[in-house]
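Next come two complexes built around subunit A: one with subunit B, the other with subunit C.
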Partner chain A sequence: MSSKTTRSIAHYLMLSPFMLLFAVFFLYPIVSGFFYSFFEWNAAQSSQFVGLANYTKVFTSRSFEKATWNLLVYVSITVPLGIFVALGLALLVDSFSGFWAKFFRSAFFIPVVMPLFLAATIWRWIYAPNFGLMNTVLSWFGMPSVQFLTDTGTMLYAMIAVDIWVSAGFNMVILLAGLKNVPRHYYEAARLDGASTFQQIVHVTLPSIRPVLFFVITYGLISALQVFDIPWLLTGSSFAEYGGRANTLLFPVMDMMGRGFGSVRFGQASAYGFMLTILIVCVTAVMFALRKRFGDA
Partner chain B sequence: MSTIDTSAQTTSFSPALSEARRRSPSFATVLKWILAVCIAIVAVFPIWWMFNVVFSEPGVPISINPRLYPTSLGAGLNNILIIFTETDYLRAYYVSVMYTLLTIAGILLFSSMAAFEFAQFEFPGKKLLFGIVMLSLMVPTAVTIIPTYLLTVQLGWLNTMQGLIVPGLASAFGLFMLIQFMKNIPSEMIEAARLDGANHFQIYWHVALPLSKNALITLAILTFMKTWGNYIWPLIVAPSPHMYTVGQVVGLFNAPYSHTTVDIVMTANLLAAVPPLVFFLIFQRQIVEGIAHSGTKG
Partner chain C sequence: MFLKASFSIAPVLAGMLVTTGVAHAQENVVLEYWVYSDFAQGEALKLQQTFINEFVAKHPGVTINIAGKGDDDLLSGQIAGAASGTGPDVFMNSTSAGSSLVEAGALKNIYAEWMATPESFRAQFNKDLIAMCTPKPETMYCIPYTGYGSLMFRNLTVLEKAGVDTKAPIRDWADWLSQMEKVKASGKYGVPDMAQNWASFLNIYSGVAEASEWGADFDTKKTLINPEKYAKAADFLQKLKPFSTGTNVNDQATRDLFISNELAFYVNGPWVNPPLEQAAKASGLKYDWVMVPGATEGKKAGVQGYEFIGVAPKANAKLAFEFAAFVTEKQQMIRWAAALGRYNSNVESLADPSVSGNPLLAATAQSARTALYNKPPFFLGTFPNSYWSAITDNASAVADGQMTPDEAAADLVEELNEILADD
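On to the complex of A and B.
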């Protein structure tokens, strides 16, 4: 009995560093952030309870509306397109074997190891008006130069291109692992039934990798909803200037950070964070419910 | 004699023909190769281009040298020398390296200790603790980043190494990954070590850790990539120049009025890209498998 108690103490001792850090730097901030969101909170004056004012202020502000709209457009393009590209890459790599499968997998994967801040700054220069590679290539074909990052009509698409460049390899690797688990005799059976390659993909491959697809979509949604690094670094890259011309590349996390650190309104920023979290948790919950219903291969 | 010869020739001719037909690539195969090569170029070229900009004579207009290949080793070395002597990039590099290494060490130590307990033992409150930690995987960074920053300020940790590192150490992702792995350690080995007189910590240190080497390496590499590439946390918690990370310097060069030439910006970028690229070349298998594993099992 006493040896059991001492053993329990040993268990808690081993757990304590992690649990302590987790409580202090994860659980406590969530709770304190929730309180901050009901207070007018800045460096100059002591905090003051304002009820839901921070939430209504954020909710009715123009930048919130703009950021949310941008997010909606961005997510509904980048997530499906990104997964479509990743799936294409995975099938392409899977169709090779031996050395070349490994070679192309590595080549397609290399952008993933680039930190997002680097992906953004490299592409910023590729898109640059005078020096940029894109405009040089366009001029070879006699086309007029494009202001990729200042023309409000192209900015979002220029950003999505960077996004897909840096993330497609990540999803490809996960999907490839899913493809490897599809039993080969499924394909043979389909081929005997006279299925074309396309039919095999639709009727054999996709249903078999459903769990992996769900993971990739859910993870893609969660990260896309919190997009920050790439649009931040493709635009002004500072708290004094971000979002780009006409706030075309303004997204909720940027708006939240700007309110906190640009105009020192931490109450509003906390409220913003909670609203965003509710959105993300809802989206995740929907994905999990869908997975429960349709996801089992 | 001669008739046998010709007949032998004709019989050997037809398999050779069908072999040739089988070997000759179909239209679809050619298309597949062209596509794969083109995508590989799109994937790799931006990084190659960055390298070329650094290793080119500065000031040569792009119409004369479009930076499709490196032209001058001296110019590149000169750029690297300039960035190390005339900017604080070396200091930022030091901060980033320390930030990354200490984060890896902390995450490996603390999450492996906790994972050992969760994976191998039963104790009161286990389910509750585990449930809370797993729920946290669903909480986005967006909600914690501002209050965590405010806590760091209250602790007086702004612009300090501990401010950069400590708040990121409780990694639920790392814990989860190590639990999955440590579950496979046979409990007989732990019992045997206990009978040999090893105490609880010794069992963890001498039995569980060595057996989890592969998972620890994978977690270390994934943590490296994440920490080296972390932009948003250093941006707010280390805003003073002496604590800039590589990511922040790269970001500052981006600002509209930084007046930095493209050669210098690209040198900063290239040097920031070197550690992850080297890691990728060495640990490619672990990186790819680690990511694939988190997707198919997680």
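On to the complex of A and C.
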């Protein structure tokens, strides 16, 4: 046996613990999920092959239509707005140095480390009708009380605000790391050429942090497509009742969980999960294609 | 107390051991015991641990690990555990989740073990609840354990300030509304939003409906909601709206409003009493509890629900059943009820003098006599997940004036029947 082959075997052996764990904890659940999506299965009795019936059932259900529409609106607002806010915060923090830079960085990061249950409880108080913080402020201006979490016209936007509050700190830290890597002499050159602050951001900052922005946008899209915990907690959902009033805060992962653990329809839940996985893979692939098309810098 | 308890349960357990023909004394067995998270905290946990220690003392080599879980974690863990074989051996859950657990194969049929227990043990339990756990002949899925009946907590400071005579009972809905008008005139809130979840809605609907007019018939796939009664409840929800905080009964904000003397009536289960009791000591909160008023004089409203203890169909099922029988037995339930003031399904324990004098327990027991079951029928069919959302959506819409009560009732019954038929 050549030394090259011996070395290769050693390398494969060293990789084998990872490969084994990857197969058990990643590949197997995906493959078995796909497998069960073609079966009527309630975890107890033996499964029964039903072909594409689970996909048809999910696809034609009212809740799927509602959840998909909610997701579309949510993603189209929360991802760009969230990144815009995070970028604004990153630029703000980047403009400070010393104590204040550390202070703002920590302050904006607090919602990220705060338990979501606590964050949701605080926001339910803030959004409370009549006496909540938001409605108290509105009442100072003579405005009527708004039912942020039960009025179907405001629920989604109220939830997006919470979502951005929670996620902005994380994205800010990533973007801030990108900003720190932008050579300062680029800005000096731009200033000498008479560029305004806005022009510096558009023509220097954004092109320089394009790889970081790509990561933040892709990660934001993937996270947004899997949204679950914030709407679940804000609506006080359980497996028996979820999605808030008129299913305004119903999203695909919630619907999938409800079918699985609320109604014990694991075949349908698997089909749902697989459709969602395909959607996420497609969106990610599009993001990578766009990156390839337009380049990193 | 410990000795008394040990001696009195000894014949029961001995009988069970003989009749089931099982002796586990020499085995090294670990039982995983899952309970609701409030059973695994503070005083409740101490008492549960005492029960475990007493059982283990009689079963050398047995280890019982208690784990507290939130509602959803408990259900999903039991269902997933049933599929993988890694779930608990003995566990609690709500009877309203019973069908899902049966369907998932998480519950063993314990009929044989149950029938092997002494008659004196079986006679301790509420017969209706035993019937609930036994949906078919010779098929029993659980031993009834703890439970609740809803109550209406009243903030006496708010009511007295509003000029309400708190000594006079609330006769009916009209009387209740007149008290809320006074409360509103004094600048305070009457009630939380009673249309925001199915339980608070049921606290209103039960004020006009009978037990046979709630839940669903899974054979015909029809809802049992009576549209005329629903319309009456919906009409009352519209009348409640001006006095509402707009918050869900389960919101922390609702409890805080009650504690800070901003809210007059707070309809919920007896489990909300400990923080209120604490507030009474810490900040002088003056409150009491009464039955939830019904539409007419003499009719009482309310919701009752029960938790059961079930056994997984696993290798240690017989020992798990013995433990389940032990913790639900009269002497343990007496200690449980006396220490925590919590209602349970063991009627003999509730009749014990050390328990029956507890005012909260007495009120809960009174509520449970007339309240409607939360999500019946139990163990017979799984409600589609949109069934309960449809009720609260409809109730909220009608409370907001988006539909007339009659329109809402007709729409709801049609929608619920469609949901049941589609499942």
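Here is the rule we go by: the second predicted complex is superposed on the first by the 265 of 297 C-alpha atoms of A that agree within 3 Å, B and C clash if a C-alpha of one lies under 4 Å from a C-alpha of the other, contacts with A are read in each partner's own complex, and residues count from 1 in each chain.
Going forward, a contact is a pair of C-beta atoms (placed from the backbone, for glycine too) under 8 Å apart; a residue touches a chain by one contact, two chains touch by 3 or more.
Since the structure is predicted, the reported quantities are computational estimates derived from the model, not experimental observations.
*Asks:* In the superposition on subunit A, see if there is space for subunit B and subunit C together, and answer fit or clash.
*Replies:* Taken together on subunit A, subunit C would clash with subunit B, as the superposition shows.
*Asks:* Tell me the contact category for A:V173 with respect to subunit B and subunit C: first, second, both or neither.
*Replies:* Only subunit B; A:V173 stays clear of subunit C.
*Asks:* Quick one: classify A:P129 as touching subunit B (first), subunit C (second), both or neither.
*Replies:* The answer is second: A:P129 touches subunit C but not subunit B.
*Asks:* Between subunit B (first) and subunit C (second), which does A:N247 come into contact with in this model arrangement: first, second, both, or neither?
*Replies:* Touch status of A:N247: second partner only.
*Asks:* Identify the partner contact of A:F228: answer first if only subunit B is touched, second if only subunit C is, both if each is, neither if none is.
*Replies:* first
*Asks:* Return first, second, both or neither, reflecting whether A:S238 touches subunit B, subunit C, both chains, or no partner chain.
*Replies:* both
*Asks:* Applying the document's definition of touching, compare subunit B and subunit C: which contacts more of subunit A?
*Replies:* Partner with more touched residues of subunit A: B.
*Asks:* Just to be sure I read the superposition right, which of the two partners does A:T121 touch: subunit B = first, subunit C = second, or both, or neither?
*Replies:* both
*Asks:* What is the shared patch of subunit A, the residues that subunit B and subunit C both contact?
*Replies:* Residues 121, 124-125, 128, 130-131, 236, 238, 241, 260-261, 266 of subunit A touch both subunit B and subunit C.
*Asks:* Report the residues of subunit C in contact with subunit A in the complex, numbered from low to high.
*Replies:* Residues 71-72, 75-76, 79-80, 82-83, 96-97, 100, 103-106, 189, 193, 196-198, 245-248, 250-253, 256-257, 262, 375, 382-386, 388-389, 392-393, 396-397, 423 of subunit C touch subunit A in their complex.
*Asks:* Within their complex, state which residues of subunit A touch subunit C.
*Replies:* 42-45, 62-63, 121, 124-125, 128-132, 145, 147, 150, 236, 238-243, 245-247, 258-264, 266
*Asks:* Which part of subunit A faces subunit B closely enough to touch in the complex?
*Replies:* 7-8, 10-15, 17-19, 21-22, 24-30, 32-33, 36, 89, 92-93, 95-96, 100, 104-118, 120-126, 128, 130-131, 133, 136, 165, 169-170, 173-174, 176-178, 181, 211-212, 215-216, 219, 222, 225-226, 228-229, 232-233, 236-238, 241, 252-253, 256-257, 260-261, 266, 269-270, 273-274, 276-277, 280-281, 284
*Asks:* For subunit B, which residues count as touching subunit A in their complex?
*Replies:* Residues of subunit B touching subunit A: 32, 35-36, 39-40, 42-44, 46-47, 49-50, 53, 62-63, 66-67, 109-111, 113-114, 116-118, 121, 123-124, 129, 132-133, 136, 138-151, 166-170, 172, 175, 199-201, 204, 225, 228-232, 236, 247, 250-256, 262, 265-266, 269, 272-273, 276-277, 279-280, 284, 287-288, 291-296, 298.
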